[in-house]
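Next up, some structures in structure tokens.
Okay, so chain A shows up in both of these, paired with chain B first and chain C after.
This part shows the complex of A and B:
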């Protein structure tokens, strides 16, 4: 399939100043409209001529979608806030450092300066069969080219595949799940829905053509970080929140995660009072490991707990021809997330 | 404007107020090259993977190959051509010459502009900060050690200037 990365084909561009105006254009064009944030995922599609929208709606002029502000006892991040703004924000540094680590692990400095957190969370998969325009399930066809006997599928899914074996590429997504973030979605009718991060992302069993719940006309307007999992949330009584984020990749810049893990744990002494843990790069959506969270609750934070949790995490994993390495990789990352990487004495 | 595939945009380019008639699907690189004869920001990979197309928009470095011309309306753009004052090279340019921070020079405008962003935020950057900021720029000639020396020298020269 010819890939031409020079000039884009023509499209109509709209640069509305309000959410309402953006949604009016989206309603007018329906499935022929494309929502444009920073453009790092979007323009790649358009340059390759694989997606050919008639109308592109640039959210860059909508002030209400930008910036980071206090929300209840946490923070609200406008969907059009750049990754660099996330990484350099003092409250995110102090209270939600795991999101800083995740956002900083994405792409390159230039891309973080322009790419938005809303776009990062909503970006499409990087499965190269799909990105190159092969008519696979995700593109409306009836085959997954990454799951044939000859397929090159080193980067693909080991869990929860359903026909399609693509994985979610977002670095911020698992951190948002670990922080129990809330995704604020404005529907075409103007109605607002607030979803838990883990419900925002969908796998092929729910919708094989989408990575998120967003339907044509929907906009993600903001991401809210509740206070419950902020670094200071342990507060009184000697409880303490600890974060862990790790992304493995082939090279340190630009590369999407092979496997990543994000966890937030409330520790009381050496015991895990409660935990939230998510992995990405292993399935079509970032997976919250609820069974692992349940298993570690109330247990001491030590090697034995970490090993037990890690083994539980990979239960049911079904590697493809070239990605069996992801199973021990995921197991080890979960282990580190639970145990930490410091030396343990007990 | 009634035709949604065209636009007249006004922006500041290397310190001058300019306007350009652009097609909405054009990247800023196409417009800088065609309308302003500026080739310093050059397209190499075209997909955000090399940093050769780096330019500064309101002081932050972006990849021009994935940046619509229409995004530039109202913004302040700086390309490598905008750094020198007349015949006098910018301290970062001088440092790259002094330290031979290049071989073929294809990647150099991108490195210089990323260095400009770095030094605006960290006037005395550590090695780690230099590596972090320059991580989105590839040099096919692998002049990296000299580039890092050039950045350190640029920090000294800028400190002298101010």
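This part shows the complex of A and C:
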């Protein structure tokens, strides 16, 4: 295929001013429509001619998709809110610092100025076999080129692989799961549904061609952060919420995660009252570690609990030829998340 | 409508990937269209069965036959229902995700495939060793039956042969199922080598790109064909005039009258007749 990277192929560009208008265009073009949020992932796909939509629907002009506003006892973040706006928002800084850490770890300042939280959460995998346009499972074919004997698969999955071994690259996704965020999706019919963050992401076992539940015509309109896991949610009696986010990558800026971890923990004294932990970069969807959460509930926050939790987290890991390092990496990140910053930095 | 889907491999060669899933809808439509057409035809059918008085006379003459005649042995029935369950599981796990109902289907699919494979192996051994293997196949010897049944279908009362143990339609259906099921099983076993299972070491290069493409296409074609074939099978099993056959696949036997009314005793002989004794006359009798 001829790849002319600097020239945009022809398509119809739509810049609707409302969600309804956007969905009317999406309904008209169906699977031939492409939703453009910040455009940072999209332009690669389009210029490389790997994705060839007839219509591109730019959501940049839809005001109702932007901004951060109070919602019940938490916050609602419009899907088109930029990562920089998330990072600089005072309430997020005070109550949801884990999301701030995650958003701030994404890419570079320039990209965060343009990239949106909806786009970051919904972005496609970085598997280069898939992105090269080869007919792999994820592209509708019948092979995973990254899971062959000579494949270069250092960045690929160690858990939950089902034919495809690509991983989810989103930095904000594990933080959203740890915060028990709700994803607001407007369907093609106009019906709105609200999904838990971990249900928003899908693995290859369920749908090998998608990273999220979004089908043609669907739009992620907002992300809601409930108050249950906000920093002030510990309640009376001395309980407090503590967050942990860590992203490991080959270079410390403008790089995707090799493995990342996000946790929100309610502590009462030295005991873990409840916790939500998620990792990313290890599977095709960000994984909530429910078994680990159950294991640590009620236990003291100490080295023994951290080791036990870390070992539980990597159960079932199946490394590929070049990514066995992710197993101890993930184990150590989970261990750090349980111990907390104070413990591992001391 | 495209029949096949193609991609380009890393060497920029065109390769088959699988069939177009439009063929699923085509097969579904074909199955339902056949169902509607046949049901409409049957409203006006002039099919000639053996006359009641003729059957009465036969029944009087063949008092040596037991009241219940075994049509399907217990192992044969078990095979049929296990195979049916596996087939339904395969179709559901294969095609519901394509229809938009998404769930983790791959493990269920190959598990059902292995059950189907095991049941077919059992069936082959069972029919070769314990049953009349050739009674289900179709060949030139069936031409007189075909001609007679076709004439009966048009209302003629002909004296030509009636079906042996299995009517011609049964045997033609069996042949179609043999071809599609063996294709789907053979191609499916190869495809299992490409996914992670406890049984095989993954080897995506077991076949070349072209052969893999053909394997996926064969699997897909056989799979969508089974959609239409299963619709037809369920339809015929549900038709009132076929209930006696469906019931025999549950209980194993048919009545003496059904045997004489629908079959040719010369072509399906009851080998082991019981000793004429009123106390045993209701017991089922094995047959070839």
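Observations, loosely collected:
Basically, the second predicted complex is superposed on the first by the 337 of 346 C-alpha atoms of A that agree within 3 Å, B and C clash if a C-alpha of one lies under 4 Å from a C-alpha of the other, contacts with A are read in each partner's own complex, and residues count from 1 in each chain.
The rule we apply is simple: a residue touches a chain if its C-beta (ideal position, glycine included) is under 8 Å from a C-beta of that chain, and two chains touch if they have at least 3 such contacts.
Remember, predicted model here, so these are calculated numbers, not experimental data.
Of the two partner chains placed by superposition, only chain B is touched by A:8; chain C is not. By the touch criterion defined above, A:107 reaches chain B but does not reach chain C. Touch criterion met: A:205 reaches chain C, while chain B stays clear of it. Once chain A of one complex is fitted onto chain A of the other, the partner contacts of A:162 are limited to chain C, with no touch recorded for chain B.
After overlaying the two complexes on the shared chain, residue contacts for A:60 are found with chain B alone; chain C is out of touch. Of the two partner chains placed by superposition, A:70 touches none, neither chain B nor chain C.
In the three-chain superposition model, chain A touches chain B and chain C at no common residue.
Contact residues on chain A toward chain C in their complex (touch as defined above): 1, 132-135, 139-145, 147-149, 161-163, 202, 205-207, 318.
Residue ranges on chain B touching chain A, taken from their complex, read 4-5, 7, 23-27, 30, 43, 45-49, 51, 54, 60-63, 66-68, 70-71, 73, 114, 117, 132-133, 135-136.
The residues of chain C lying in touch with chain A in their complex are 5, 7-10, 12, 15, 17-18, 97, 102-106, 194-196, 202, 204-205, 212-213, 216. Looking at the complex, you find that chain A touches chain B at residues 5-15, 36, 39-40, 43-44, 46-47, 55-56, 58, 60, 84, 107-111, 113-114, 252-254.
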